[in-house]
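We call the chains A, B, C, D and E, going by the order they appear; numbering starts again at 1 in every chain.
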Amino acid sequence: MIIDQNKINEAVSTIIGYGGEHILNCVQCGACSAVCPGVKAGFPLLCRNLIRALLNGQLEEIIEDSSSWGCQACNRCTEICPQGVRPQEVVFAFRRYQANQLAFSTSSITSQMNLFETGHAVYTDPREARKKVGLSEETPTSAFDDQAKNEIQTLINNSPMGELGLF
Amino acid sequence: MANKVKTAFLLAGGCAGCEMSVVDLSEVLVDVLESLEIVFWAPTVADVKYKDLEDMPDKSIDLAFVDGMIRNSENLHTVQILRQKSKILVAFGACATMGGIAALGDLHTKEELFSQAYKTSFSTDNPDGIYPTPDYMLDGKYHLTIPTFLDNCSTIDQVVDVEYYVGGCPPHPSFVGKLVGAILAGDLPPAGSWLTGGKAVCDICKRNPAITGQERLPIGEIKRTIDGQPDFDKCLLQQGYMCFGPVTQGDCGASCLNVNIPCRGCGGPIPGIKDFGARCVSTLASSMANDATAAQFIEKYNNMAKMFYRYSHTASNLNHKIAENKER
Amino acid sequence: MAKVGVYVCHCGSNIAGVIDVAAVRDFAETLPDVVIARKDLFMCSDSGQEMVKQDVRNGLVDRVVVAACTPRTHEPIFRAAIEKAGLNKYLFEMANIRDQGSWVHGNDHEGATEKAKKIVGSAVGKARFLEPLEDKFVPVTDAALVIGAGIGGISAALELANMGHKTYLVEKRPSIGGVMAQLDKTFPTNDCSACILTPKMVEVYNHPNIETLTYAEVEDVSGYIGNFTAKIRQKQTYVDWSKCTGCGDCATKCPSKTPDEFNAGLSDRRAAYIMFPQAVPKKAVVDMEHCINCVGREIGTMPKINEKTGRPILAPCERACQAEAINRSIAHNPDGAIREIEVGSIVIATGYQVMDKGWFKEMAPASPNVITALQLERIISATGPTEGKLLRPSDKEKPHTITFVSCMGSRDEHFHTYCSRFCCMYMIKQARLIKEKYPDMVINMHFIDVRAAGKGYDEYYVGARKMGINFFKGKVGGLEMLPEDKLRVLAYDMEAATNIEYESDLVVLATAVELPQDATALAQKLGLQFCGSHFFRELHPKLGPVETATEGLFLAGCCQGPKDIPDTVAQAKGAAAAAAVPLSQGQIRIEAIISEVHSEKCSGCGICIPLCPYHAITMQTYADRPRAQIEMSSCKGCGVCTSTCPSGAIVLHGYEESQIFAQIEALTA
Amino acid sequence: MEKIGLYLGCNIPLKNPDIEQSFRKIFPVLGIEPVDLQGASCCPAWGTAPSFDLNTWCAISSRNITIAEEQGVDIMTGCNSCFGVLSEAKHFLEDPERRKVVNASLATINRTFKGTSDVYHVAHVLHHMVGTQKIRENLKYSLEGLKIAVQTGCHALWPTDVYKVNEVNPFAPTMLRELCEATGATVPHYSRLAGCCGMGGMRSTDAEKSLGLFKEKIVSIKEETDADLIVTTCSSCFLQFDMSQPILKQRGLIDFEPIPTFYYTQLLALAMGFDPNQVASISQIDRSGVIKAIQSENRLIKEVA
Amino acid sequence: MSYNPNIVGFACQWCTYAGADLAGNLRAKYPPSVKLIKVPCSGRVEPEYVMEAFAQGADGVLIGGCHFGDCHYKTGNHKTSQRMTILSKMLDDMGFDTKRFRLEWISGAEGYRFAEVIEEFTKELQEMGPNPLKGGNGHGK
């Protein structure tokens, strides 16, 4: 690996730009990785390792790695980190970078579409099940509320997400 | 008594409160009246013309009191004449010595003051926006004048020499008696002195922690009097109310503190202190616990100049220069 | 009227190469009160100084201004010169036209010359208003107070006493010794803590120059360097120490139990107790907070009489004491007694505490088998609750796997951001001691990094690796409680970039070093400050490591910051040497550049009192009125009070208002 | 009766309306009136807007919160993810700069986020506002003798600095244990109590890894507690426990029968005597045995019945 | 307008004054605008001095002290900061351009920084032009 300060700077500023504000606080103690369920499950680039790679300027080299999508956003890392890095925010910043470079699995497009169309990330027609348990068939949520759906679509259309061309 | 002290009172650009204070002497005044001969008291008591004063022989008045500041051409003129006619001239009260409340007008331009007074104030009805005209020819033959509003205020000693200064808004009446006594006894303090006990309000304030045996601590939180009733027994400054007692001559008997109101500095600075506002800044700011308190102070009291120079704006050399410069 | 002499220096070409020295001299001549203006190639040379001295001796000048380099280096030289010539040394002022003139304006000869004139004008302006001043001297009390009797306080006290100074050693606990007395063996040499400490404790206690006051606390300190008065509260022991033989019988009989601080809460002690077997002094105390007043024996009441035997019914402690040192009929004052001592300097050596495991929520604090390193120290100590056998708390069984966790509460923004400095080393020590005794025990040590910076320390650490102790780089993230009081360690291996999980029988936490709660109260009494890490602040981290901002107060040991025994002892001896300086001088010089209150001008507002960083200002009564007064030996001459006094009652000699206004006037002329 | 905005999320109203029904049944009895947040959308889930753009996330979350603000009520979520996402968004919006930007986008749909409604979890409402005493008083059946393993779930625990309500020790949570104990059941400790179940982003990204993690957890429960049932207050955890145990079993990765799993309010509704067809009817694992055992004659508590 | 501004500086003897000396040792160049008055501590500077300097026509006033935490007298510079913040606000309310007034923490090791500060301040004052209050005695007597 060749260390190139320009690449490091770019990686750091990219992450900070996407919300991983405190990445430079990291002293690489590894506490976050010791408690991270993602690391335990076998995702190689989360918490401390991800930060290490980024601080080495490997932003592009790791763009295809799916680890960040295995993050549970459980924030064990945030709670434990002795330096206030908030590693989860770094992981999500990297994820956002990936997403904005369209480097994410196609399977996750479905939930984006669902969100846009129904306001729900997961959508299955609930009417029958609801009736069975004695509830009104239609939920009081956006799924059955055109005004609400409109609002969600307005918000998404006018956001950087809308520019990704998914919808 | 053979030698009566020939005394004059002149109200310059003030509110006449100082003269009310003289009247407040009541019985005491009656006592000294024996030894006083009042040769001039205008415009509050006698209706006189400029000529009346101009015609008096030079140095014929033993003791002249001027209250009020120099605000217009008439103030300037009469004070200058009175100076010629008097042996001893006393700047009497906050306005005469330091500019007083009205001098805060110098923080604004003349135009701002006029517009507020003659156009925009709530009670004004002046649709044509007419300002007073100092010089007017009526019917082409009557030349009417009123005094001209000067560019900025002055204290008495900024326009003529002054022998003695008395602070207060209004001053404590006892000074009149004391001065007359001193003249009669030929025991006058050196010219240029303030007539004062020379100690701060704190010295006579019953709340002074040094007197009540408490420890003075840095001020932690800044309060304004609208933030609730201050504790009656404790030092106001200590409670966070910006009391100017430490910086102000205490010849007033701590009157304000006695009614739970913080000292605002009408007595003027303790002799030897050059600039009231600057010293206030030093004393109050240094007494605050930290920068956060200072920031809170600035936030709560929005105009520092009007706050610290409530009575002494004109006496501040820098202020006075700024005011002059502004109209230039 | 002042007669000012101005002397402008060429400084070879240093000044003259840029500034027109002759023009500056000519200008100086035109200034008010200037009677002579001369120039010379090197003013600080003998001949230059001689020129000034001659003018002074001849009565030509009585104020001297030298326009040359910076007063920070040369003012003392010229002051000494005029003093030799018979002029008060404070009638001197320097104009800095080299360091702040020619050297920085080399490219602007004219500008530099004009600026030099202004600076000379400013110096002359000030000189005209200079007044003669006298340095003062005050005698000192030849005695020292050492607060805290851990290894730091003990070392400092011995040093002072051996130099011949009377020394009071005050310790709040019943015995001296501090944390070191709780330790088993000590790195880097592994000598037994008790074996090296106990002789020192005895030496201190028996030293003819040392008076040891244990179970005592400093109540108040007043005064200043050379002349402090300390009020010491001798806490109530409820035992007559002149009679107590230290047999410990009372403790054996006393039924009331409470966690034993000396064993870090791992065992119980009694309400009547001796702190530890090697305690010095070896005396019992009754801890009234935990005494249950057996058989209704309240302190200060007469005993009930046994109807059958006709004898008084005594509490077990009294009954046990053959020496009759415990007598509960006496009405002891629960506040103890106050004693006043006079000393010239004070060494503070009040040490530290370690954090409790309860702070670390992720570390299964509820498990009995999670302990602090200090607790482990007691477990492996021969005088500890298990008599030195390594048994885990839950079941008193020997553990098979032990885990050491570093940096608990240190290097962590939730608690303390600093490194506690000696935990890496003591963990390695503990691991080594255990490994030596139980070679087949599995020892896993987890570090962010090993900090072993000291003489012989890294070798000690590397040696531990060679012994087969496992080291992992990476901070432990948490512990999970397993059945049978085992623990699952959630750790990380940095080198392998992978997480680690394993089961452990005993987990040792290296919890952070911090000041005990009562340090804040002590700081207030003494006027000590805290540094950002909340240890006592030294005067300067490098050049004044044992001094404090208050003259006469010195720091030693962990109260100033985490440090191991070698560093504590080194610092303690340094502090003792520094504390001895005023004592051996017999008197201290008070520089004349200090503030003074003109009480006739003071209004007694008290505004100045809280401002002084040295508490030098107090209220006194003059003719019935409160008026401020500055204690000259405490004032350092900062002028904060002077600049604030609303009555203009305070002057700072050497920086008086008239002098500064004259400077402003000259600079804006 | 105290009103609280019932924030449903996605899984509960669409996949497990029986959980929704259990809320609607129990809360009024316990003195809390859940009001609907009409038009509320997805929180939005971690894998959606939060993974693309921070401000869009905050905008969608705060839109949901404004619905509660308009009604002057606080928010109660049944799903941990919703609780986490909404709480974090609210935390981000404490930054005045961000609030300005987000309110600018909300302005396009005529909304303003004010920050006046707090976000709570169903468990918080039950533990802090209702209290275990009141729960005990309203039981019809006592669950004495039943052994429950509890699963609090990640997003109700960390990060403690953004949540309105926290466990005394988030690494050793006790709220759900105490809620379960209120029904009379016993709730033994197990070592992986605070461990992650593996649902969420991990499951959609790599189901095998997720199952591996889940297996550790379920084995710890089985071996260390041998529980009769598992109770959770997270709808995502519920899905993982209910859906993945049968998979593990089928693949021979565990050798015990899947342990029936309930959302806490389902269990409580059952103990309070509500109709299982309404409050606990949708699951992969067959729960009928346990349900019958819970609502059996001999468990009837006299005073209430 | 190009002119040579006159800056009256008050410098604490431990930090800024030493920093200015160091600038000399380093031969750092800066314009000869500033003339320092040495004070023991920036806490010795009275607001009066600042106002007096301006009233007398100084184009700029600089107060230099130690960085927070470095004060030789522990807290003197905190008092300076409190006073001068409020003074600055007051000057502003008086209608005086407070850009002419600077409070800087410059340590004894910051020789180059001292030079930079003077360079920058001088430039700024050059752009602002001379103190408009220069000359005149302040009243019409």
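The criterion applied here is as follows: contacts are C-beta pairs under 8 Å (C-beta built on N, C-alpha and C of every residue); 3 or more make two chains touch, one makes a residue touch a chain.
None of these values were measured; they are calculated from a predicted model.
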Contact-graph distance - origin chain A, target chain B: 2
Given chain B and chain D, the chains that contact each of them: C
Leading chain pair when contacts are tallied as C-beta pairs: A-D
Chain whose Cα mean lies nearest the overall Cα mean: C
Remotest chain, chain D as reference, centres from CA atoms: B
Centre-of-Cα separation between chain D and chain C, whole angstrom: 53
Length of the line joining the C-alpha centres of chain A and chain D, rounded to whole Å: 22
Distance from chain E to chain C - Cα centre to Cα centre, in angstrom: 36
Touching two or more other chains - residue numbers and ranges from chain A: 40, 76, 79
Set of chain C residues in contact with two or more other chains: 362, 478, 611, 640, 643-644
Residues of chain E engaged with two or more neighbouring chains: 46, 52, 79, 83
In contact (per the touch rule at the top): chain pairs: A-C, A-D, B-C, B-E, C-D, C-E
Residue numbers on chain D that touch chain A, as the complex places them: 8, 10-11, 13-15, 17-18, 20-21, 24, 36-42, 44-56, 59-60, 63, 81, 84, 105-106, 108-109, 111, 154-155, 157-160, 170, 195-196, 198, 200-202, 204-206, 209-210, 212-213, 277-279, 281-282
Chain C residues touching chain B - in the complex, by the definition given at the top: 601, 603-607, 609-611, 619, 625-626, 640, 643-648
Complex contact set, residues of chain D against chain C: 169-172, 189, 191-195, 224
Chain C residues touching chain D - in the complex, by the definition given at the top: 361-362, 364-366, 478, 480-483, 488
Residues on chain B engaged by chain C in the complex (per definition of touch): 198-200, 202-203, 208-211, 215-218, 245-247, 250, 270, 272-273, 279-280, 282-283, 286-287
